[in-house]
Structure formats: C-alpha cells, structure tokens
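In what follows, chain A forms one complex with chain B and a second complex with chain C.
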Partner chain A sequence: MILFSFKLLSGKKKSAPFWTFEYYQTFFDVETHQIKDRIVGSVLPWRGKNFIHLYIRKNPDLYGPFWICATLVFAIAISGNISNFLVHLGGPKFRYVPEFRKVTMAATAIYSYAWLVPLALWGLLLWRNNKVMSLVSYSFMEIVCVYGYSLSIYIPAVVLWIIPYEQVRWCSIVVALCLSGSVLVLTFWPAVKDDHPRVSIAIIAAIVALNVLLAVGCQAYFFSKPEPDLQVVSSSAPGEMKAIPST
Partner chain B sequence: MSGFDNFNTDFYQSSYSVDDQAQSGYGYGNTEDPYNKPYGQYDYSQPMGYSAPGMMQPQQPYTGQIFQPTQTFTPSPSQSMYSSSFDDEPPLLEELGINFDHIWQKTLTVLHPMKAADGSIMNETDLAGPMVFCLAFGATLLLTGKIQFGYVYGISAIGCLGMYCLLNLMSMTGVSFGCVASVLGYCLLPMILLSSFGVLFSLQGMMGIIISAAIIGWCSFSASKIFISALAMDGQQLLVAYPCALLYGVFALISVF
Partner chain C sequence: MQFSPSNGDFTFVSSTEAEELSGTIDAQDIKLNMGSDGGKDLYATTFLRQRGYGWLLEVDEEDNEDIKPLLEELDIDLKDIYYKIRCVLMPMPSLGFNRQVVRDNPDFWGPLAVVLLFSMISIYGQFRVVSWIITIWIFGSLTIFLLARVLGGEVSYGQVLGVIGYSLLPLIVIAPLLLVIGGFDLVATLIKLFGVFWAAYSAASLLVGDEFKTKKPLLIYPIFLLYIYFLSLYTGV
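Showing the complex of A and B:
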C-alpha cells in the first residue's frame, strides 16, 4: 500500500489517507492541560463562546471522546450496581449479585450515542450545506469531539444517582441536561441558523431530544427506583426474597 | 592446459567448436585468468566466485545457479573463538539476557514513585521480571482461595495490547510490544502488596477501598512516569496514567472481590 502524504504550505500538519495508522496519530497530539480546558469548557457553557471555535478548531482529538465515553460506561455500570445494592440493603436474605450485562448494555448505548448521532448530524449538515450556503461548517471529527466532551458532565451526575432519593436524582438530571444541552445548542446554532427556520428548529429540537432520551433512559434502565413501601415476605425456600408493595 | 591451447588455435575456424570447448573447458578456464575470456563466456563464469578456486574441480560442467554467487565458506568468528576453549564462553546469564542489576534498578524505580526515572533503562525488553510478578500475584490470590490465574493472564494480555495501541498513537517514536509488557509487568509489584494484604484482612470495607485506591494510584503513577521518560512525551503524564489506572483498577477488582 503506497502511503501518500504531503505537507500543507501553511500548517504543520501532514495529511495521510484515512486507512493508515498515521492519520489517527494526528488526533492524539494533545496535552493534559488542553484536555482539562476542553472538559471545563464543555461543562460551563457561556453565551457567545462557541466550544468548537474556542477549543477545538485547530486540533480535534480522539483521546477525550473515547476515554470520556469509557469512563461513563464504567461509571454507569458501577453506580447502577451500587444503587441496586443500597436499595435492597435492609432486606433480609438478599444476596447481591453483580450484573455484568449492564456494562455491555451501557457501552452499546453510550458509544452509539457518541458516534452514530454525530455521523447522522454531519451527514445532515452536509446535505443542508449543499442547499443553503452556510458560513459555518464542521468536520466529522469536530462534531464527535463536541458530543464526546458534552458527555463529561454526566459522569458526576451518574455518581450522584447512587443516592436513593428522588429529589437528588431529579435535581442532578435536570442540571446535567441543561448544561450539556446548552453546550450542544450553542455550538450548532451558528451552523443551522442560516437555514429555513423550520428546518433549523427541527434540527436543534432533535439534538436536545436525543440528549434527554439518553439521560432519562440510562437512569430508568440502570438504576432501580427506590420503592416507597416494601413489604418483604420470606418464602419457604432459603435465599429467596419476595417483595409485595403495600397498597 | 591442452584444452586451452586448442581453444586458442581453433577460435576462428568454427563457432561450433568454440562453443564445445567453452562447455568442456568451463571450470578449468575459470581457474586461469578470467579476464582473458571472450565476452560470451564471461557472463557465465564471473559469478562463479573465483575467491575460492580451490573448491572447484576442473573439467566439471557448470551445475550451479546462473547469476547467483556461490556460498563460500567463511568460519563465523564466534564459532572459532568459542569452540576453542571452555573458559572463553560467556556466562550463562549473559547469554540468556538476564541482567540482575537492571532488574533490581527497574524494581527500585517502581518502588520510589517520586524519584525521576531514567529513560534508558527500558531499552532492553526484559520479560523475566514481569512473569515472576504475575505468578506472584496469582499465588497471593491463591492464598485467599481464588484460583484466577486465567483472569490475570487474560487481562494482562488485553491491557498490554490496548496500551500498545494507545502509546503508538500518542508518542512521536513508536514502542515495541515487549517494552509495554515489560513496564506494565514491573508496575504490577504494588498490586502484589495489595493482594497479600488481602490474605490477612478483608478488603471489602472502607479501609480496603482507601488502600486499593492508593495502590492503584501508585501503580499507574509509576507506569506513566516510566513511559513518559522512555518515550519523551511531555505534558501527557496524566493522559497516560488514566488508562493505566483503569487497567490496574481491574486487577484491584480481582483482588478485592
């Protein structure tokens, strides 16, 4: 396979074909303080500061999105198991069994959100750009970066969901949704605002809706709801626990 | 010699006889001055390797490969030196590549996480130390009743592969798989402390969690320190430490649960 690489006149980046290893090496050229700045920037959205323009324009990286998704998968799996354990802690004859299947489910959900949705969004923006000349256009890697870093606020939120009180959970989910949703909206609004108003509203609404769906779905599926009243009946077989919610 | 005379006198008489004589006097003519031949023969005979004419019989038809140099016998220097006397043999450990001094230096580098690491110690990949540490880790787990050698080896292999891919992507110079495996194996040493602690006390309380977290931090800090000094990656220590922490966290999970 012939490697075709050439140096751009202005920049110092080499451009290699995407099937070679060197192409992906350019996406890991980040330092610790850059990653820290990007994470902080994704958590604190500021009106008028576009995440991509400020932090990523020169240097999209794959390290951040990949490891944030991996951390979120582990956090969801571990926190889900712990919350399950804590909810049933008082019950007699309850044997805690760690559910490792949750890791694979969480991984599928998070990684498809972080990679397939940017793919769809990029295709959509490309299609609209053909029809309407927009001043702003994002490359696929930049969109993946934004989505990856916007998931970073969910890591502390997921840890807070261990606490089995409804108020705490709702509070944390609303805060996380607001922050990550506003980062996404502020980033993508300049790209779609030149379009037909209905189309741009539809795109923004879809972005926000998918975000909400991910957060609420994860909480509902991985974290058991603390039952308000639980009557425990021990059956004749040892090690079995039946729960009958009191009416 | 007579064949050669015939060759000279019959040269202009018929081309057929010249060819005949070329075939028969082939090997013989090669031992004479090779530059005296006409051009047609020169191509065939030159690669015959006239450096060892003593090996070739005259009047023998050419049976070697055309345009390929023949193998000449040169005695390898090691053979001639070492086969001469028993005292000249190198020590066994040096032949095997096990250098105790380097092993001890690397172990000390892991045990002092605050001391700066020397980048050149990782130049030779040494897998003897890491194998010993993996076996020791499995042995301490065995003392607590967990027969989990398979998990230890499997997770080490997958973790080494993942770190190898990541470090090749992140560094300017590449790394070899043996170097990655060697560093990760050496930094498993504090994890052996954790599992031996787990033999005596249960690690499933708050104390156990704190100690596990400290030991995971120690392992990943040492591993990232050695990697960045060996690969000259500035400002990326925490970025390398985080995947190492995940890997050692899995080992700690095996120890604790």
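Showing the complex of A and C:
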C-alpha cells in the first residue's frame, strides 16, 4: 500500500485556523541570522550538502522567498532604468522617462517563477512519488524556499548588468546561472534519482531550462544592448523609448 | 407656585440636616417669560404653569462654554506632534526621548500632514501624485502591519500608519538637498541612500517593541524597500 500524504508542511501541526495571524506566524518563525545563513548557503552550493536538509528542514519560511523576489523586482527596475539612462546619456533628443510598465512585467515574471514553478514541481514530484518510492520527499513550502533563496544570487548579478559592457554582462549571467542552477540540481537530484533515468533527466533539464529562460529573458527585455552607434527615436506610445541601430 | 415632588427628582433629607443645605431650584441664567408679551400669551403661560409645565417656557440663554478651540475639537495636539517629529528626526536612543509615545499614542493628523507635505514636494505640477502617494502610504502600511504581526509583534494598523507617515520626514528633509545637487551624481545617490536609511531606521526603531527585537532587521528591510519606492515617486514622476 502506498502511503499518500498530503501534508503541506512536513511534520508541523497547524492548530490555528487559517484566517488568524497565528497560522501564518509558523511560516515566519525565523531570526535574522537564520535568513543570512540561508542566503549564503544558497549562493555557495557544496556538493553533498543539500540546501534543504541543511538549512530548511523542519522550518521553512515564507519571509525569504517573498522579500528576495521583491528585492529582485526593485533591483531589476532600478538597474534597468539606470542602464537605459547611461546608455543613452548625451544622445540627442533624449528625455529620461522611467518605464513603470516594465516593473509590473518584471514583478509578474519573477513572482510566477518563484511560486508557480514550485507548485508545478511539487505536483510533479508527488505524482512520481506515487509511482516510485523515493527516500526523499519535499513539502511545498520547502520547494518554494529553495526557489526563493536560489534567486538571491541574481540580485548582485542584476546590479552588475548596469555596466554596459557585453563581457561583464555575459560573465555575470553565466556565473549566476551556474550557482543557482547547481543549487537547484543538487537539491532535487536526490528526489528524482530513484526514478526512471529518462524521467529524472527530463525533470532536471526542465528545472535548469526554466532558470536559464528567466535570466536571459530578464536581461534581454529590461536592459538595452549597448551598441556603439544608436539612433534614439521617441515613439508615439507614451513612456516608451525605441532604439534603432543606425544602418 | 409649587412643583409636585416625585421620587426621582428630589431627595428627602431630615429636617435637622436641612439647615446646612441650601440651594435653589431656579437656575439663574434661565429667564422665564413672565407674560410681558401680551394678553394671549399671558393666558397660555399661566395655564401651562398651573399644569406644571412651566419648564416649557424656559429660554436657555446661557452662553455655551463648551465651545472648544478648533484644534482641540479636532484632536490635534501640536505639542504632541512636535515631540513625535523630534523623535523621528533623531532616532538615536541616547537622546532619551520617550519613543513609545509615538507608537502607543497614534494620532492621524500628524502623519497625514507629513504625507501631504511630501506629496506637495513631489508634485512638480502634477496633482495626481498626491492621491498615489496617499494610496501607497495606506497600502504600504498595510503590508508592514501584516508583516509585523506575522513576525510576532503586537502593533495595530493605526500605529503603523502613524509611524510610517511620520517617518517620511527625513525624506522631506533631504529633498531640498537633492534640489540643490540634482541629477544622477554620485553625491545625490549617496544622499538618497542616507535619507532612506534614516527613515527606515527611524520607523523600525519606533515600531519594534520588546516582543520581537531579534527580528528587527527583518522588519527594517521591507520598510527600507517601501521608502525607496516613496523616494522613486519623488524623483521619478
């Protein structure tokens, strides 16, 4: 008989109803140094040290993922605007207009990556757990934690993207991808390795691919390419700047 | 003319004590219309008085001493507001202000005045900014309130509204400096950072009571993000 447990939080008893503050207090039961440790642990992946086992087990928190995503949105918005400003500095007919519409797009993309992808992954793992007994199983909160903390490496990367040199940007994006990807892979490999090899490879590949998509998409959309001769034309849409490379 | 006594209106005292008691039923500043207005009225007044309804004829000409000054009526205590402003502008604990006052005794007009002042400064000729800033104030305070509650603190929404509103003061203080320097210079960025840190530290040190002192940095950080957003409204719009 296969044990099928639908626990949102492994091992925690929630006695308070969900409309009180006490229910949510269990998710924020962390201190400052714990948050710091978790962020550092997500940035420096170490073979053999599972992020969840080491840092999060029995005490996943919602503070980290939520505010790291918020910081990332802020960072992308500010850095995107600054880099646009710097790239077009001194150009003729340029008026600096901050684009707030892009901020909402950034927020949507990042929050859906940090919350919907864990939901899908959790569902997938649960389904596979049904078929194949695995030694390791993660709760939804823990998966959200891993994804949230793995985004923390992107914050310095995004700040570095202000510098309008292609090499710096590619370097930082590759480093960030490697670090966050490896944290994710190292965390989820024990959970899928008991499965059929093709399935486990597929799952791991999907995790990495989504990560890459997020990073490259953010960079391409929010940061204009620093091309040498640029003709700046203000379009009819308010608040939008289009850069047309001169032929 | 004798009013018929009833149990509810009069207390009966023994005659021995009655000599020390004195009093008058007539209120001095109540004028009774004694029928000087004419014949018809004279009949009506005497009729009413005979029935015991003389009180209907009383005209209250007493001067209303309950007219409070307007500020007191609106519950605006200027000294209190000034004290809280000094608490916010100088958040160092060594100065010995009673910081709990800002948290425990929230008023509404002080923070609203500060927020409006901030919006005036941010206007640059666009009035719709005022409503947006007030909206952000209310919703930002809601977020901070929920976060503080969930981290274990015991604050009420009114307190958070008040503290966040008052802590916009450092941003107002650095605004003239930014006007002078202007633009994206490094100095301007440093001044902005300093202003936001000052405001966030002030707000957090006012909000965080003893019950969750260890989690104070966890609360400072979202407040810091909120004030960065306020500052971007000021410079960006």
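What to note about this one:
Please note the rule applied: the second predicted complex is superposed on the first by the 209 of 247 C-alpha atoms of A that agree within 3 Å, B and C clash if a C-alpha of one lies under 4 Å from a C-alpha of the other, contacts with A are read in each partner's own complex, and residues count from 1 in each chain.
Just so it is clear, contacts are C-beta pairs under 8 Å (C-beta built on N, C-alpha and C of every residue); 3 or more make two chains touch, one makes a residue touch a chain.
Predicted, not measured: the structure shown is a model, and the values here were computed from it.
The superposition on chain A brings chain B into a clash with chain C.
In the superposed model, A:101 lies in contact with neither chain B nor chain C. Within the superposed three-chain model, A:70 lies in touch with chain B and with chain C [touch as defined at top].
Touch criterion met: A:24 reaches chain B and chain C at once. Of the two partner chains, chain B and chain C are each touched by A:35. In the superposition on chain A, A:198 makes contact with neither chain B nor chain C. In the superposition on the C-alpha atoms of chain A, the part of chain A touched by chain B in one complex and by chain C in the other spans residues 21, 24-25, 27-28, 30-32, 35, 63, 67, 70, 74, 98.
Those residues of chain C lying in contact with chain A across their complex are 147, 149-152, 184, 214-218, 221-222, 225, 228-229, 232, 236.
The touching residues of chain A, when paired with chain B in their complex, are 21, 24-25, 27-33, 35, 63, 67, 70, 74, 98. Those residues of chain A that touch chain C in the shared complex are 21, 24-25, 27-28, 30-32, 35, 63, 67, 70-71, 74, 78, 82, 85, 98. Residues of chain B touching chain A in their complex: 166, 168-170, 234-239, 242-243, 246, 257.
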